[in-house]
Every structure is written in C-alpha cells, then in structure tokens.
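What follows is a set of structures for review.
Common to both upcoming complexes is chain A, partnered first by chain B, then by chain C.
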Partner chain A sequence: MAVEYDPALIGRVFEVTDPVSVTAESIGKFCTAIGETNPLYTDAAAAKRGPYGGIVAPPSFAVTFRNGRHFFTHVPRFGRAGFDAGKDVEFRAPIRPGDKITLSSHVKEIYEKTGRSGSMVFVVVRSTVQNQNGEAVAHIDHRFMNRP
Partner chain B sequence: MPITSLDSVNVGDTLGPQEIYLSKDQVRNYARTCGMEAPRFMDDEGARAEGLPGMIAPGNMSLGLLSRLVTDWIGMSGARLARLGTTYRQPVQPDHTLTVSGFVTHIEPGEKRVEIDVWIENEDAERLVIGTASVLFP
Partner chain C sequence: MPTILDLHSHSEASEDSRAPLEAYLNWIKLRRHERPVDGIVLTEHRQFNGAADYRALEDKFGLMVLKASEVETDYGHVLVFGVTEEMTRRFDFANVRLNAQELIDEIARMGGVAVPCHPGRPTVGLYEHYAAKPPLENVVAVEVLNGGSRKGEDDRSMELVRKYGYRAIGGSDSHLVSLIALCATRFAADVRSIDDLVRELREGSYEPVDFRPRRKPVPAAVPEEVRHNGG
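Up next, the complex of A and B:
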C-alpha cells in the first residue's frame, strides 16, 4: 500500500517563529537542567581561551526552541496520532549569548515502512534554527511515526 | 577520559559509561526550563491522564544526555559535535538509573570525521534510546 498525500506539502515552509533571545542566563539554566559541566559551556574564563572565544550553548540547546502553537496542525497525520520517533540534528555553528533565534519548518519527507509491529508512516519535518545574521546554526529533522 | 586529538582516537574506543540516576525533579526541571510542561513530563498522575503508565522524560532530554556524553569526550580538544541522530525505542522513565554509553565505529581521516554509536540503557540493559553521532576535528 502506497501512502497518499499532497506532494505540494513537501518543502513548503509552514511556520516561521518569532525570534527568541538567548542570554547567558538561559544557557546557564539549560546547563544546570542537563547536568552540564564542560567549561566551554559553563566557565566564562576557560571558554574565552577555547575555540569559540567565549561561552557558547551546548549543542543540544538547539532543540529547545519551541515550535509555534500551530506547528502540529501542519504536520500531516495518518491514522492514529503520531508520536516522536526520534530526531536527526545537524549542528552547524554554535549558539551564543545575544543571539536571536527563529525556527522555520517544512515537511521534508513522508515514507512508509513495515516493521515487526506492522505498517508505519513516517513524517519528517525539518526545522531550520537560524540566528539574527540569517545563519542556519542547526537543522533538526523530527521523525513522527504514525500507525495507519 | 576526554580525547586530545584525532590521532589519539581508535575504532572501538568507548565513551562513558556515564551512570545517571534520573529523578522526577530533574525531569520536571528540564521540562520547565525548556517550556515543555506537558502533564506526562510533570508527574505520574498527569502521565496517566494522557494514557501512559507513568511519568516519562522528554525525548529532547535523552538527546541532551547523549550530546553531553559526546561533548564530554571531546573535552577541550577543539573537535565539535556536527551531527546527532536519535531513535526513541522505549520511553525513558524517571526514578531509574540510566547508563549512557558509546563507542567509535568509524574514522574518516580525509574529512577528520569520527562516527560514534551512542545509547541509553536502563537497569535491565534495555536500550531505550539509540543514536549515532559525527564529530569533526579541526
């Protein structure tokens, strides 16, 4: 069975979020929440001597920016409600205090797979994490799994 | 042990294991810090109301723990985590001890790239989250 969907969905940006300001405090709180101790992310003096010349956010900070309120109304569903099956994140540049981050999202791919538990439809949504200079600091591919 | 340079890395080198007792408070704190206050990340009652057997940790928190495993290994060597892919196989439940581990599967000398398998296990050695990471050296 081939999964049916409107091909015009693929690649069309359905959401661009309002900018979120990154502060030394928001990076610090995230580091505490995830148990981060690496001086590159937590120690201003040590980070200054490091490769980035100052504190940067740990890579996984890139996935913490919230999608817009209507994000899920734009994610195609097949059958029962989809769930978060995983992510593929490409980290391109560090996020720094003072950055203003937006997410823009589109459906990248829809495909079907048959596993031990039966047929599954995967919807891959790509969110590009961009800073105030228009630089893509990360691409996040969300994989949502549906049971048709 | 953090690495110092690409020359010091070999296929089969291990990352971790890092044993982490994940408390409900830690999960709640992560969820609140990241604006993810869904009932399933707050307490057992909220999770049951959503049809789950009990409270779970956000997938992003697992991704964060795997990312931390790799960046701890990178240390101050100047390498960077370039890619991390995760698959959530089973829910991660708080009030359990997790083991976060990895090992080097491949080295691409021309690109100065190292490929790593990473995973999170529970006390029964079930791999709840699995993933792959790419690290680039300067």
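Up next, the complex of A and C:
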C-alpha cells in the first residue's frame, strides 16, 4: 500500500494562466540580466542567418513565466511540513517574439519514499508552457516534498 | 574468470537520479584503469522494467548491464536480484512498507535473492532496526560498501557482518555519472547474466571492493618540527 490520494487528481488540469506576450525587447532584457551574448538570441541580423530564421529566446526564458495566483492552493499536501524540492525543465521548442505563452498545470505524480531522515511524500506538478498554436515549448516539473 | 560488478546504481529512470545509462558506461570506459568493473546492475527505486533492453549499449561499450530493483521495507532498503513477473505480481514494488522477512523468503522461493543495502544508514538500514526488532532470518548477504555512505555507516554494516555472519557485497549507489563503480563486488566465478549473479550471490565466492580514491592527508598548519620544539 503506497500513499493514499484521490487518483482523479492525477492529470487533471487545475489552472491555465492568461496569455503573456513575448517581445524582442523582453528577450533582450532577459539576455542582459543573465549575461547572455549569443547572437542567436541578441542580434537580429545574425539570428536571421541562424537555424531558427530569427531571434529566439534562450531556453531558460521558459521558466520566467509565472504560475497563477492560486497555483499553490491546488498542490496536494500530505502531513505537517514540506518544501520545494526542485524543478526539472524539458525544453521542447524555441520561444519567439510574438508568441503568446500560457502555462497549463496538473498534478503529474504522487509517490512516497523513505530516506535517512524518514518518510517523504513527493508531489510533482507539471506546468506545460505553450505558445498560441498549442505547441508545448517546455515542460516544468515542480517537485514538492512533504513530511507525513 | 573473476568478474567485478557494481551491484547498486540508479539511472535517470529513478526519480532522484540524473544519470543516463550511456553516460555511466562511457564514464566507466574512460576510467577502466581506476574502476575496473565488468559491468553494472541498475537497481532503480521501487520499480522494475522487465522490457528494458540494453544490449546495444552493452555491445557499444563492452560492459554488462544487468537489471534489479531497490525496494523499501519495514527493515530498510533491500536490493532484489533476479526479478521475475511473479515477484512483481506478488509484491507492489512502490509500497515503501513491504514486510522485509516476507520479501526475503518469497524472493528466495521464487528464484531470486534479496540483499539489504546500506544497512548502516539511519532509518533505512538494518542496523537501526535491529536495535528495536528481532534480526531477520535467511539473510544471505548485506551491502557493506556503499558509495553513498557517510562516516561510520559502512563500519556499522561491517558490525552486522561480524555479528550475524552475513556475506558482504559492495555497490556505488550512484545517482550521478561520476560516482558510478566507486564500490563494487568481485566474484571469483564468471558472471555473465542475472541468473549467474543470483547463483553466485547465493552460493559463490565474492567480496566487496573499494575503488574510492584515498584522500591525501591535510598538511598540518604548524610544521611538525616546530610543534615538537614547543614553537
């Protein structure tokens, strides 16, 4: 018998954020902030000759989009305490100026494990970063640890 | 011909590992002089992928890849070698509260072998459980060298070996590429399959081997001769 939860939770989308427009300026500001100088992201003329035919955002730009205000109220909790146990990000397609980005979130997985410090229940929430064409440009798996 | 295998490793199929199998094998290939293993055993957490086929990677790198599982019990974590469909039907590998005695006995009856791992580790090792509960019966071996052990944990594992007469294995418990094959097990016999491995763990001759680099002693802040002279 593993940890008990309502299996209907798994896979059910609980939040879709409003679209956020991507501009060349917002990509440029992000590049400046992280010290990115690759011309594929920063130089329109060079990027036009590159593999994407124009400026694209650096992959890590995908994690700048915020979840909705009520995101955390939908994250199942187990026991008395917990913390953010990290994120896995899978980059699937470039984000371009003109894209309108939404985040669609669902509980991907709940599992229990034991370690030196005792029992832990992990909740993995997947946020799919999508463009206006419904194309998934990235998956962000948020991992939360709970102490039952 | 003797065979050396890392009996405990986790690829990215385990939720807490980021190590691709191919990267493990490539790392070993580049460091065979330091970690002379003939192969590894993938012991993914709480699961067993019977369908996974690693023959192409085995051929590419000239290394053996065997499959097992690490499950969780009321006496801590246990490596299960020789997993069959019958075993995965009998036990829910995702259950973190499996009955250890039942697991050991049933796995043996079904043709495998269950080996408690990192027994000196707090909470998830035999040592701590033996302080509060009767010792398990029919334990063939325990893992006394674990690449993830903290100070004193392997020593506690050795205490169990001495006290209960268990046989001893070693494994890296690697979750990161660079840690693969730091600890392993040397078998006197040729091991070429999971059936060979189970047979040897039950009846063969083997010992844990440690390939972890020795730390160089830290030089004293005050030179020896100065200290002796009362300086």
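General observations
Please note the rule applied: the second predicted complex is superposed on the first by the 143 of 148 C-alpha atoms of A that agree within 3 Å, B and C clash if a C-alpha of one lies under 4 Å from a C-alpha of the other, contacts with A are read in each partner's own complex, and residues count from 1 in each chain.
Assume a contact is a pair of C-beta atoms (placed from the backbone, for glycine too) under 8 Å apart; a residue touches a chain by one contact, two chains touch by 3 or more.
Values in this document were obtained by computation on a predicted structure and should not be read as measured data.
In the superposition on chain A, contact is made by A:115 with chain C only, not with chain B.
Residue contacts after overlaying the shared chain place A:132 against neither chain B nor chain C.
Once the two complexes are overlaid on the shared chain, A:38 sits against chain B while remaining clear of chain C. When the two complexes are overlaid, the chain among chain B and chain C that reaches more residues of chain A is B. Residue contacts after overlaying the shared chain place A:21 against neither chain B nor chain C.
In the overlay built on the shared chain, the residue A:73 is in contact with neither chain B nor chain C. Touching of chain A by both chain B and chain C, each in its own complex, is seen for no residue at all. Chain B meets chain A in the complex at residues 20, 26, 29-30, 33-35, 59-61, 63-65, 67-68, 71-72, 75-76, 78, 80-88, 131, 138. Every residue of chain C that touches chain A in the complex is listed here, in rising order: 15-16, 45-46, 72, 76-77, 92, 94-97, 121-124.
Within the complex formed with chain B, the residues of chain A that make contact are 29-30, 32-41, 46, 50-51, 58-60, 63-64, 66, 84-92. If you check the complex, the residues on chain A that touch chain C are 1-2, 111-119, 122.
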